[in-house]
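Following this line, the structures themselves.
Here come two complexes built around subunit A, the first alongside subunit B, the second alongside subunit C.
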Partner chain A sequence: MLPFSVPTAAHQEKGTFHPENTAKNTTNPLAGCNRALVYRALIFSRTIPVLALVCLLLPGCRRETLVGRANREGILLVGNSAEPRALDLQIVTGVPENKILSALFEGLCGDHPSDDEKMVPGMATHWEHNEDMTEWTFHLRPEAKWSDGAPLTAEDFIFSYHRMLHPELAAAYAPMLHSIRNAEAYNRDERGHILCGLDENFPTQWETLRKANFQGDPSIDAEDLANRKFASLDQGERRRLLAVKGLDRLDAGQLRAIRDTPALFDWPDEIPQASRTLVIARLLEHAEAGAPDLFEKARLGLDAPDPHTLVVSLREPVPYLPSKSRHSTWFPVPRHVILKHGKMTDRFTKWATVGNLVGNGPFQLHAWRYNHYIEVRRNPHYWNAPNVGLNGIRFYPIENPYTETRSFLAGQLHTTYSLPPDLLEKTRREYPQYLRTEPYVGTVFVRLNTTRPGLDDPRVRRALALAINREELCKYIYEGFTPAETFTPQLGDYRPPAVLRYNLEEAKALLAEAGYPNGEGLPSFALLTSRLNAGVDAIQATFRKLGIRLTVEQKDWGSYIAAQQQLEFDIAMAGWIGDYLDPTTFLDLWTRNNGNNNTGWDSPEFEALLRKAARQPNPQARLDILAQAEGKFMEAMPVLPVAWYSRLYLHRPEVHGWHPLVLDNHPWENVSLKPDSVR
Partner chain B sequence: MQAETVTDTLVETDDGHSLWSDAWQRLRHNRAAMCGLAFLGSIIALCFVVPFFPFLPDPAIQDLPNKNSMPTAAHWMGTDHLGRDLFSRILHGGRISILIGLITTMVSLTIGVTVGAIAGYVGGRLDALLMRVVDILYSLPFLIIVILFSALAKGYTQDFTVWVTEITGWKHDTIAPFTGLIPLFVAIGALSWLNISRIVRASVQDISQREYVEAARSLGLPHRRILLRHIIPNSIGPIVVYATLTIPGVMLFEATLSFLGLGVQPPYSSWGILIKDGADRMLSNPSLLIFPSIFFILTLLSLNFLGDGLRDALDPKSAKD
Partner chain C sequence: MWKEAAKRLMQGLLVLFVLGTLTFFLVHALPYGPFQDEKAVPEHVRERLEKLHGYDKPLLTQYWLRLNNIVRGDLGSSIKVMEGREVGDILMQAFPVSLKLGLFAMLIAMAIGIPAGVLAAIRKNHLLDYLIMAVALLGICLPNFVIGPLLAEFFGRHLGWFPASGWDSRDPSAMMLPALTLGLVSAAYLSRLTRAGMLEVLHQDFIRTARAKGQKESVIIVRHALRGGLIPSIAFLGPAFAGTISGSVVVESIFQIPGIGRLFIKAIETGDETLIMGPVLLYGSLIVIANFLADLLQLWFNPRLRSRNAS
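== the complex of A and B ==
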């Protein structure tokens, strides 16, 4: 039976299928019982080649790719590395968030599509400054609107900067606004400074008064007092506690205690008794009133003489203010929406979510599918809406750059966030039309938590810095990057001292000198990272050469940022991208309480140099002082610079209006898709 | 004389008929299973013995100028993206993968067979109770429980590692990759026994109705002996098959956990990690994906062959013919 059906099948395979053939088979009495088998054989013999053919042809007549469809719809598909922590522009600090926010909001000045140095009008049509560049007047567009149609006025900007600087919001990026007059005092909640120092009628000048202990003295050990009630302390303990906290941080009860027993607090001799009493009285009045917002009293350098004029007064000349104002921290936030969803100072409320978020940029938030994409669509109320080239942008949080590269090559993205350096050579060979390698103002570095035992010793930190072989890393791992000579990358005329070099022997000697020969005696450290990549392995191997073992701790982007801000890490892989074209965008980070410092390190000397530079009118002299400050910073080495970034990414040629920019802030409104220009 | 010879032969035949020797006889004739066994044996020997030979490079030593090299005399399978010897990394990673596979499967088998056999044999309220416990554990998200457990145990593991180094005087590097895995062993093992307990319970319920169990009972054998002697050996087929499926599953699961930062930490690796890294870099250096995958696939295949053979050998009734 079996041999019979097989030749039939073979025969049918060659010829065409005729119903009578099977009919003939049925006439054979032997085949009767086997009809099903014959049919099956027939079907298989015909379907297999057809299936094979279909399989072969399928890739040929390809389905339209995502990019093809997006080209038709005018939607740009952007690889954006990580799921944003939030879309509240006053809270977030990362590049992935910034990319989205710059589509949703616009600052006073806009980005030029092809030149980082040039400013274009944004919310302000034009602006002027006084002679010494300490007072800037921005003339806002009368037609400016929020994306819900509400008018946007100078008051909105003042509200935004008020919120950004509000001490209770604790915005990590608030120091970007510290150059506004009195902004730093307000942001750091320096009550004494605001209540007494800013009062011209106060009997003692602030220059003298500030010598009193307002900020607290962290060098005094008071850990034993941490959890005890003030009332239960004896005289000596009270004195110690008050000195540790400082006048600005005392509550009403403690201030009352000083009022009643002045000996509890030490004052410098030059402050007269009357002033002392007055300081305490004012602080007490403030504390008893429930510590109300000091915004009015702080008299920040922000003024709106009319709804369309914003006057910003600065504490020092800032020639690059328009450049700085392009950063997301200077963007306005919608007062009417924020206050609808909570208090001004509430973090992570629902105002910055789909359906609620109102912006003033070329696009508005359309969809946020967690871990999938964020989509923004045209904002019809944007002042320049008719000239916006795209209908929308979709940001994909693809963390793995290899996956991102594959997505791009499969036609799912127009532009990627980064190309893994080890694919550089292959891409250069096979896809030169997509490859972009551009200069980028940024530094890859290793952040140290200098409050950890071991890492609090500058000798240990310097030993670690000496052990990093930057040339080798840039040649084989961070391909296309430049070995970092210091923290701040090359920027205009700024010439910082090139201090970093590789010297393993010296590193070992230094470590031994610090009391940890071959790393013995050092606690074990964890290396915090948001992504396991070759850099992590390389740093681990580098530290191993000194006998220091690192375990690896991987966290998602949001938790990785949060862990650093709370100083809950030992050592972290980090990067910093410049926000504007001035070295201060790298140096200001390391001031005390800067939300992006996150090393636990600060130095009054370093900050004095920064202040001195800020007051220096001569540009070159100013840069020289900044270079000195950088030298101080590099002496202490709270971070280990590794490499200066290059921007390596893949980019489709149909994207127009996208030019190399060292800050990489491509104004989305100028980008357009021209698929026809490619074919 | 004649009588004596007869008894001798009788005794001899009686001797050679235990369950395990019968099974071994049958297994020996299953060529695929024997190949699998031989391969498994050699891979285990390779992974656990060869790394102690000095000619194999240290898997953590980076030789950046020599990265992504093709196989050479010094590096038999080439080097990875950091210039580390791939062969050495595969063997070192294999130790961890195989250990995880075997130990966690052991843990899950021990718990699962015990619970399943008791539930199936005793029945009634105890059965209902045990099976509801299993139901509840089923409803818990496996991954989250393992992550929670490993995260909680992390601090203790480090202390334990230090303690072991002090006690034994071994080098930290030798021990750290293994002690770091203890929470993983326990966590996966303690949660992956649910399926096996159900399978064993069903099979025990079936077998305890059989005549030979009735016979054993009527002979007055204690329950423990009935269970260990008659019921469990007769339900060994599904257990062995399930175990051979669990081992590769656990090896893959370890890769997931390592990716989340809970399993093996760099610079140590396992096959799962090597394959994940290799998949990332398959465009630039495909050998990073191919070589570890070959080891992984062959191990899994031989485990499956061996499992099939064991089932046939231990339970001739279920054989295909």
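== the complex of A and C ==
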């Protein structure tokens, strides 16, 4: 390989030296000069770069691939898509962070290496629940330790959930813990609820009391008051401001004003005067004390009768709690380290950095080279340390999937994050030994704004759903994906009715029935997307078959998300990946107050079924009710499911202990490298 | 002269002030903000975050506070992309990478472009000239998102000489392919500029005089012609260097390089105001300083310019 550059250069020298050629050229300023010397000068000036190139090439030749070296060292090289925002597991929300965190931390229950439905012991050796599944007892390993050797106890878990739910921390994923009793009230800082509603001796029951304006009324316009001092407002303005904020958000001065002038605040008639005074008095007492943490008063459903027992009480039966507890939001964080570097609720301390981060997982943080890689190494204090197969894992934040694929094929990665779908064909042909296509709990769908004229008619929406040829889409565009039969993908014993099918004639008939034969009379719609791809074209073509013309509106990612959240779109390309293995992670989206609904659709019947399911302790009966709810949702069809996700990626055969999993949470402690097993 | 320099410096500061102000208000006018996420962020969480980062204050107050902090040298912490990390720290890690890559790319550009241009000038209207100019044209026309993957495929995957992607500050071979990708475009421009500059100089009287005096041709080229012939190229190097450093976004993505470009794009995508402001001011200062130095050099070298300014 080395001679490559040398003879080429020499050849050029020879080729250019043709005196009879140049001699005829009268315009050449060099004509008639001592050409040999000129060329010598030029050769010299060109030799330097050539030499420099050669010098650079020398060490480059026959280099050992990164994978080759990593195989010797027992280090797994993982393509991990993006640089983590942070490694404080209670602040981050992304999948790339989650992959790293699951190597550094471990929850109560662990992931089974090959079966999504099965739970293995994690920090807890065993667990049991009461009859209606509202109280769970986890028995922790007595030998459990943090990676710095400190013992890990049930108090650490309570501290972790306290921190996660603390309103000051503002953890975006805190709602994952809201099924713990009183957790939601505490997390949302519902002071009235905690100080008065949870007190059994309070003269008025919370059921009545809650009708008072605790949360504030955002429908009242108070823009003009935003930057003015409370003392400078007149009576009417004060009333307005207090109503906008609500009792829970008032400061001491404002509460004092209500105490002194009760007319400033409107109460529902059923709340007696004595209770009103008492509510204000308690809130004022709390505010005057500097609004201390309400954790104790909120009496969350968390208890540690002894250092190795954790009792979690829930507000409703959660038969899948062990499965849910595998999510990183349920992992413990090290109290002794967090408090060493700052307050419990500080978001910006250095506790989660190299040298400081202490975890309880099979690995510990070794190096974090910004935008380059994060490396974790064996944690000697892990309870199952002798059975951990790898010496370390290196996570590379390669965002560009083409770069990632190239890196993999050049021997720089053991496993990739994703294969670009347009490379699937070629990979299948040339590198079948590396290709993996595995189901993933997620759905590609088209979101409809049901407040738009035309799309507000369920018949139109059903007609659109009937017109989508999912088989064909999955064959040619969403390659490797499964045609969606309903919104929620197949999960364990959950069997919702398979309602989606393709029937163009029926779709046309339905559209005509709704009063839009051949799409006539429908306004023109825009199809919102963040990325132009074949899927967009296909949806456009599908609607065209019904006579509906779509214009495509492409927005950058942030604007695309914002437009949906503000219902400023007609039709949008969308997707959803489940957080845990239960249909509620898909169905809860479509409740009225869910921030991810973004369709303008809601249904009291649908929500009643979800609530009914939440109270049902029998797992199968519960899933049946959820299936009914899904049926209701699919009848209304505020979204058009297209396909169930698959994960396409490349994976080297020497990686052992890595099996297809629908949540894609491969327990790192079970993975090992066996380079000798592959030729 | 010193008065002139001080004036230019003040102009530079004014440019930075306007740049920062525009950036601040444009970022705040984005239809999305740093406190939204792919999945909806609960309302009470968003309120907390806004308060934490001072977004609950009126915009002008926020502007005033930011301006004060920046003047005191505090760029603040990233709001979203690397939440809580000092923007100054992040830039300190990313900028040397971009700088090294840019410098290496310029070295490659000069090592290829200047000799090629000189050779083309000497062999004007001959096969070699046409060949070099054709390749140069190709280099100018081919975007780096074509050259980059091709180089990575060939040298990275098939030959395995250099890593196909990644960065290692201890291993310069990782720098080779991205620097080559970046440098080739500049090399192409340089070769054309050098050729034109050399041709002009070679036609001038003093070259003929040198020849008439029987000077060796190699000495004429290297000693007499090259100096004048390189002037257009040298003038090009400054802006090209700044462009290489600030315009390496695509190359950083293709080769997975931890430089400023990718960071900057991500900050814009998420509306991370502090992390947008940092690189904007850094790039802005670089260009202001480069122009300032160029102005000074020109004043220094060209007495005519000096006297004209004085009058």
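The working rule: the second predicted complex is superposed on the first by the 427 of 679 C-alpha atoms of A that agree within 3 Å, B and C clash if a C-alpha of one lies under 4 Å from a C-alpha of the other, contacts with A are read in each partner's own complex, and residues count from 1 in each chain.
We adopt the following convention: a residue touches a chain if its C-beta (ideal position, glycine included) is under 8 Å from a C-beta of that chain, and two chains touch if they have at least 3 such contacts.
Remember, it's a predicted structure, so these values are computed and weren't measured experimentally.
**Q** Which partner does A:380 reach: the first (subunit B), the second (subunit C), both, or neither?
**A** Neither partner.
**Q** May I ask you to decide whether A:534 touches subunit B, subunit C, both, or neither, giving the answer as first, second, both or neither?
**A** A:534 sits against subunit B, while subunit C stays out of touch.
**Q** On the A-aligned overlay, A:371 touches which partner chain: subunit B = first, subunit C = second, or both, or neither?
**A** In the superposition, A:371 touches subunit C alone.
**Q** Classify the contacts of A:517 with the two partner chains as first (subunit B alone), second (subunit C alone), both, or neither.
**A** So A:517 meets neither subunit B nor subunit C here.
**Q** Any idea whether subunit B or subunit C touches more of subunit A?
**A** C
**Q** Scan A:492 for contacts with subunit B and subunit C and give back first, second, both or neither.
**A** In the superposition, A:492 contacts neither subunit B nor subunit C.
**Q** Is A:402 touching the first partner subunit B, the second partner subunit C, both, or neither of them?
**A** In the superposition, A:402 touches subunit B and subunit C alike.
**Q** Looking at the overlay, does A:619 come into contact with subunit B only (first), subunit C only (second), both, or neither?
**A** A:619 sits against neither subunit B nor subunit C.
**Q** If we overlay the two complexes on their shared chain A, which of subunit B and subunit C does A:175 touch? Say first, second, both or neither.
**A** second
**Q** With both complexes overlaid on chain A, does A:272 touch subunit B (first), subunit C (second), both or neither?
**A** In the superposed model, A:272 contacts neither subunit B nor subunit C.
**Q** Shared contact residues on subunit A for subunit B and subunit C?
**A** 400, 402-403, 406
**Q** Hey, which residues of subunit A end up touching subunit B in the complex?
**A** 400, 402-403, 405-406, 420, 422-423, 425-426, 472-473, 475-477, 524, 532, 534, 536-538, 540-541, 544, 549, 551-555
**Q** Which part of subunit C faces subunit A closely enough to touch in the complex?
**A** Listed in rising order, the residues are 30-33, 36-45, 48-49, 52, 58, 77, 80-85, 90, 93-94, 111-112, 115, 118-119, 122-126, 128, 149, 152-153, 156-157, 159-168, 172-173, 176, 202-203, 207, 211, 216-218, 221-222, 253-256, 258, 262-263, 269-271.
**Q** Under the definition above, what is the set of subunit B residues touching subunit A in their complex?
**A** Result: residues 60, 62, 64-65, 67-68, 81-83, 158, 172, 259-261, 265-267, 279-281, 283-285 of subunit B touch subunit A.
**Q** Of all residues in subunit A, which touch subunit C in the complex?
**A** 1, 16, 21-22, 25, 27-30, 33-35, 37-38, 40-42, 45-46, 48-49, 52, 56-57, 59-63, 65-66, 83, 85-86, 91, 93, 167-168, 170-172, 174-175, 187-189, 226-227, 347-348, 369-372, 396, 398-400, 402-404, 406-407, 409-412, 556-559, 561-563, 565, 594-596, 598
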